[in-house]
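Per-chain numbering from 1; labels A, B, C and D assigned in written order.
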Amino acid sequence: MASKESYTPREIMTIMAAREINDGDIVFSGTGISMLAATAAKNINAPNSVIFFETGAMDSLLEELPFAVADPRIMYWAAANARLTDAFATMQNRITGDRVIAILGAAQIDIYGNLNTTCIGDYDSPKVRFSGSGGGCDVASFVPRCIAFMQHEKRKFVRKLDYLTSPGQLCGQNSREDAGLRPGGVSVVVTNLGIMRFDQESGEMYLDKFYPGITPQKILENMEFEINIKKAVPADPPTKKELQILRDVCDPQRLILD
Amino acid sequence: MASKESYTPREIMTIMAAREINDGDIVFSGTGISMLAATAAKNINAPNSVIFFETGAMDSLLEELPFAVADPRIMYWAAANARLTDAFATMQNRITGDRVIAILGAAQIDIYGNLNTTCIGDYDSPKVRFSGSGGGCDVASFVPRCIAFMQHEKRKFVRKLDYLTSPGQLCGQNSREDAGLRPGGVSVVVTNLGIMRFDQESGEMYLDKFYPGITPQKILENMEFEINIKKAVPADPPTKKELQILRDVCDPQRLILD
Amino acid sequence: MKKTSDKVMPLTAAIEKYVHPGAHISIGGFTLNRNPMAAIYEIIRKKIDNLHLYVHSNGTGLDELIGANAVSKLEIAYGGNGKAAPTCIRFAQAVLKKEILIEDYSNYMMSLRFMAGAMGVPFLPTLSGFGSQILTTWGFSRKMRKNDPRLANEKLAVLDNPFGDFGGAGKVVVVPAINPDITIIHVQKADAMGTCSIKGLTFADIEQAKASRHVIVTCEELVQKEDLRHNPDLNQIPFIHISCVCHVPFGGYPTAVYGYYDYDSSYLRMFANAAKDDKKFKAYQDEYIFGVKDHGQFLEKVGQDRLSAIKADPKTGYAVNMKRS
Amino acid sequence: MKKTSDKVMPLTAAIEKYVHPGAHISIGGFTLNRNPMAAIYEIIRKKIDNLHLYVHSNGTGLDELIGANAVSKLEIAYGGNGKAAPTCIRFAQAVLKKEILIEDYSNYMMSLRFMAGAMGVPFLPTLSGFGSQILTTWGFSRKMRKNDPRLANEKLAVLDNPFGDFGGAGKVVVVPAINPDITIIHVQKADAMGTCSIKGLTFADIEQAKASRHVIVTCEELVQKEDLRHNPDLNQIPFIHISCVCHVPFGGYPTAVYGYYDYDSSYLRMFANAAKDDKKFKAYQDEYIFGVKDHGQFLEKVGQDRLSAIKADPKTGYAVNMKRS
């Protein structure tokens, strides 16, 4: 049994995401918490994982945490500095693409793991405008496994996206394949309350794990749509070792953890 | 009047080709005599012309004559060493492509300036096999002006090519445009006897100039097909200055001239 | 006599000559890195407007141009500026207020569109975007597309794979080429002929430059031709693609230029704060853009202290342990 | 314990592991430059045959492989070896004798096909080749194409431009991707993880490597990871694409390796002379390929004098004033 450590929601999210990364994975990372999850995986459970960025840097040293994927900090000590087109080709190409796991965020997610990072409201007359796809749509199209980081809130887990930016399982069943996509898209959702995955057959989200102190019911209350909670089990809490490495090795200055 | 200099067929061919190059042209060059023509132009009449190779080197110094377009001599002191794909894109792209003049050679040419560098005889059972297209087909597809260097022989100026490797005016009239090509292809043929160009309307080859000591009739005798010789005028022979630069500056060791 | 190969001119003359109202323009860099900021501020000072702007992921330059009402149409994948503004503020506002017409693509699609332009083909294929609204929801009307020959008649298209399911794809998305009237990039080193050497990531600058009818290069260092010829492997853009070269040290400021200086996060934060409020934003513009006659004066206003604070460490290429927020 | 990131192995083991009879293979380099010759000689010594070979312009490596009857099918743009053999001799002979099946493309088409493979798209478009027999005359039969899932069902195809005549083209030629089973390249520097740094022109090596299921890298220098990390701008292929790394000094000999050595024109001429006559050619192979156990012995046979004569000048990267013929 794991000892009873105290930790913040951000810490448990980071560690849960890190556990999704296997040794040897090529990790497509953004900045902030996704960067931290990638670093945590490398230091805890996946020493041979490789971090790369859509801007074209592969396996950068990252002595300081970058604040953007175009931060000069990612250009130092990389294996190669390539072009934007090369970075996306690495994921579109099945030989390398199938080894990639991506970490994404979004303003909205639906039951099929489709993501919206474009706008709230009608596209022609939006109420809120976000940054847009960036590489999100490309990554969700190409990569077999994507981790979505989300805050678990009703307005974010919605019945219908205001705009479908990045394809998940589309409308379930074979719709992803029928649309012309290879298998992939968001395969796991890591929130401040628990971990959701997607049913192989139906393509629908289900609750896989709930965090200590959180009930499946509480998770349902924080979503606009209903998901299957029958398979849900308690998550193994972060271990002492995981927390220690995360805090002391990955973000000693608490640039992201705070 | 030019003074009566003596010169070899190779020297007059080189100088005639060099005269086709305008200042500021981007010159797509192979090796051997085409390289020498490009260098002669740069030293005589087109000081701001730029030599480049399909292998991706732009404006190399060429302190020694390269023996192949992949010769390490072209990699030194270039403005940029790019990729094969970049070199061809430079020609396919209209912004830069329209400024390119190319120098090509071939085993056979027909009345429309189509070239064969693939085989003699049937493709499936050839009598002679040549190197193949290389970049020839690409260049002839993309570039508005191409100089073809040919030995003036009946077996080379043929009624029907054994294989159409690089498109000229195809079968004349609008056939090049109809096929999907932009204007371009071989626009001038420089041989050891004279200079041929192509009629704007019909796309057919005609005799533009014949060298000192050569008659239009002699040129016709060395071709399988008939061309219009009515517009033909004597070529201005190489000047003393042209020959001097060619011999003393461009190829003092007579690596190609001999 | 000036040699024909010498393309050096003052930035203000270059903008005057090549950037006209209504021009289709693309700018290099990515979010807070290597944006051609000096050129962008000069465009704003000259009050050039009605620009049709193409970017993939942009931030600092994008939001300044939009904030100055210089842009009427925008094709884009991402408008964000790192930690200072995860979504660009004037950009978002302009979309909400319908002050700009926007067409959304993905980052790979925009990069491929520049690449198609550079290659001289009408389109390039990708397997990205099937099932997404990027394919189905258009920002530009058919009428608008029809009226400008620089625009394709469709936002994008889906084609059957002529080789069956060879390559594991029964169909592909094809995105139309971009050939801007003018592209502006900021690089570390250029010579008077225009050959460019970019240090660190090139983003899509190479493709943007090669796709463009005219290209303005601003550079940190205007070097001798010889300095760039020692290693042609480090020169990504040969001079034949370049229209003019402007020597503008700190021409990327306040964005980062690898090996020279870091982004100025205090400037980016100040901009983001001002951008949230129209009055404050006007005051910001009046002080930092219209209140100076050129980039030199702008840098004087910023002050040597801040420029020193972001100076890049020669080993890592960024400002080690710089205070960031 | 060997780290999983260490991919170093002897060349003979690498060929054993990755190059099988019938494999679809591509080799890097261009005519007489940076061909992976040590690997090619090892393939010949191992008598691996029935290879399906993809090259754009190749010369030295191509003609050795064909001369050894290692190749049964060939997709190619150009078979020539500079001044020594404007058309490769064994290649031409094999075509005449119908010992190999050949499919002709242009150089740009072959490069685009590798690029499509690297990008993960089934095809790429070009405006090259309309009206030429490259479009209409096929070397491979439909039946042969149908029987090998690695081959597209068509040599190439013509598509209407879905954007009308946008981009000045009503239609395009599309060429199918190549994803070889194995690609072999020879580079100047690699580290144990497989990151490669190529000096001088890269030809299509980068695309060939990224398109391939497996990649063998042979290198002049096996360097420490740190040596390649100082300037990531000079590393064209990151380690994720590489299967194994073999340290083989002079691994490109008798072709040139920029910055290390020039081509050996006397060797290329000797090869060309031998290639013209079956008996002479067998004697050549017996002496230089089968008569040695590995590349080290081959180089001993060639002799230090010739290797010294082609040593590259550090400034220009080639052997200045070398006797060439």
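Going forward, a contact is a pair of C-beta atoms (placed from the backbone, for glycine too) under 8 Å apart; a residue touches a chain by one contact, two chains touch by 3 or more.
Computed from a predicted structure; not experimentally measured.
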*Return the chains common to the contact lists of subunit B and subunit C.*
D
*Give me the chains shared as neighbours by subunit A and subunit D.*
C
_Distance from the mean Cα position of subunit C to that of subunit A, given in whole angstrom_ = 28
*How far is the middle of subunit C from the middle of subunit D, if each middle is the mean of its Cα atoms, in Å?*
38
_Between subunit A and subunit B, centroid-to-centroid distance (C-alpha), Å_ = 57
*So which bits of subunit A are touching at least two other chains?*
57, 75, 77, 81-82, 85, 92, 94, 142
*What parts of subunit C, by residue number, touch at least two of the other chains?*
120-121, 126-127, 168-169, 172, 179, 200, 233
_So with touch defined the way it is at the top, what topology do the chains form here? Options are line, ring, star, complete, other._
other
*Touching pairs of chains, which are they?*
A-C, A-D, B-C, B-D, C-D
*Taking the complex as given, what residues does subunit C use to touch subunit B?*
4-5, 117-121, 179, 193, 195, 210-213, 228-230, 232-233, 235-241
*Write out the stretch or stretches of subunit D touching subunit B in their complex.*
29-34, 56-57, 59, 76-83, 86-88, 91-92, 95-96, 98, 104-109, 111-112, 115, 126-134, 137, 139, 158, 168-173, 200-204, 206-207, 256, 258, 262-263, 265, 312, 316-318, 320-321, 324
*Can you check the complex and tell me which residues of subunit B touch subunit C?*
23-24, 26, 48, 50, 57-59, 61, 75, 77-82, 85, 89-97, 99, 142
_Residues of subunit B touching subunit D in the complex_ = 31-32, 54-57, 63-64, 67-77, 81-85, 88, 92, 94, 118-119, 123-138, 141-142, 163-167, 170, 175-176, 179-182
*Contacting residues of subunit D [partner subunit C, same complex]*: 116, 120-127, 152-154, 157, 159, 161-164, 166-169, 172, 174, 176-177, 179, 199-200, 233-234
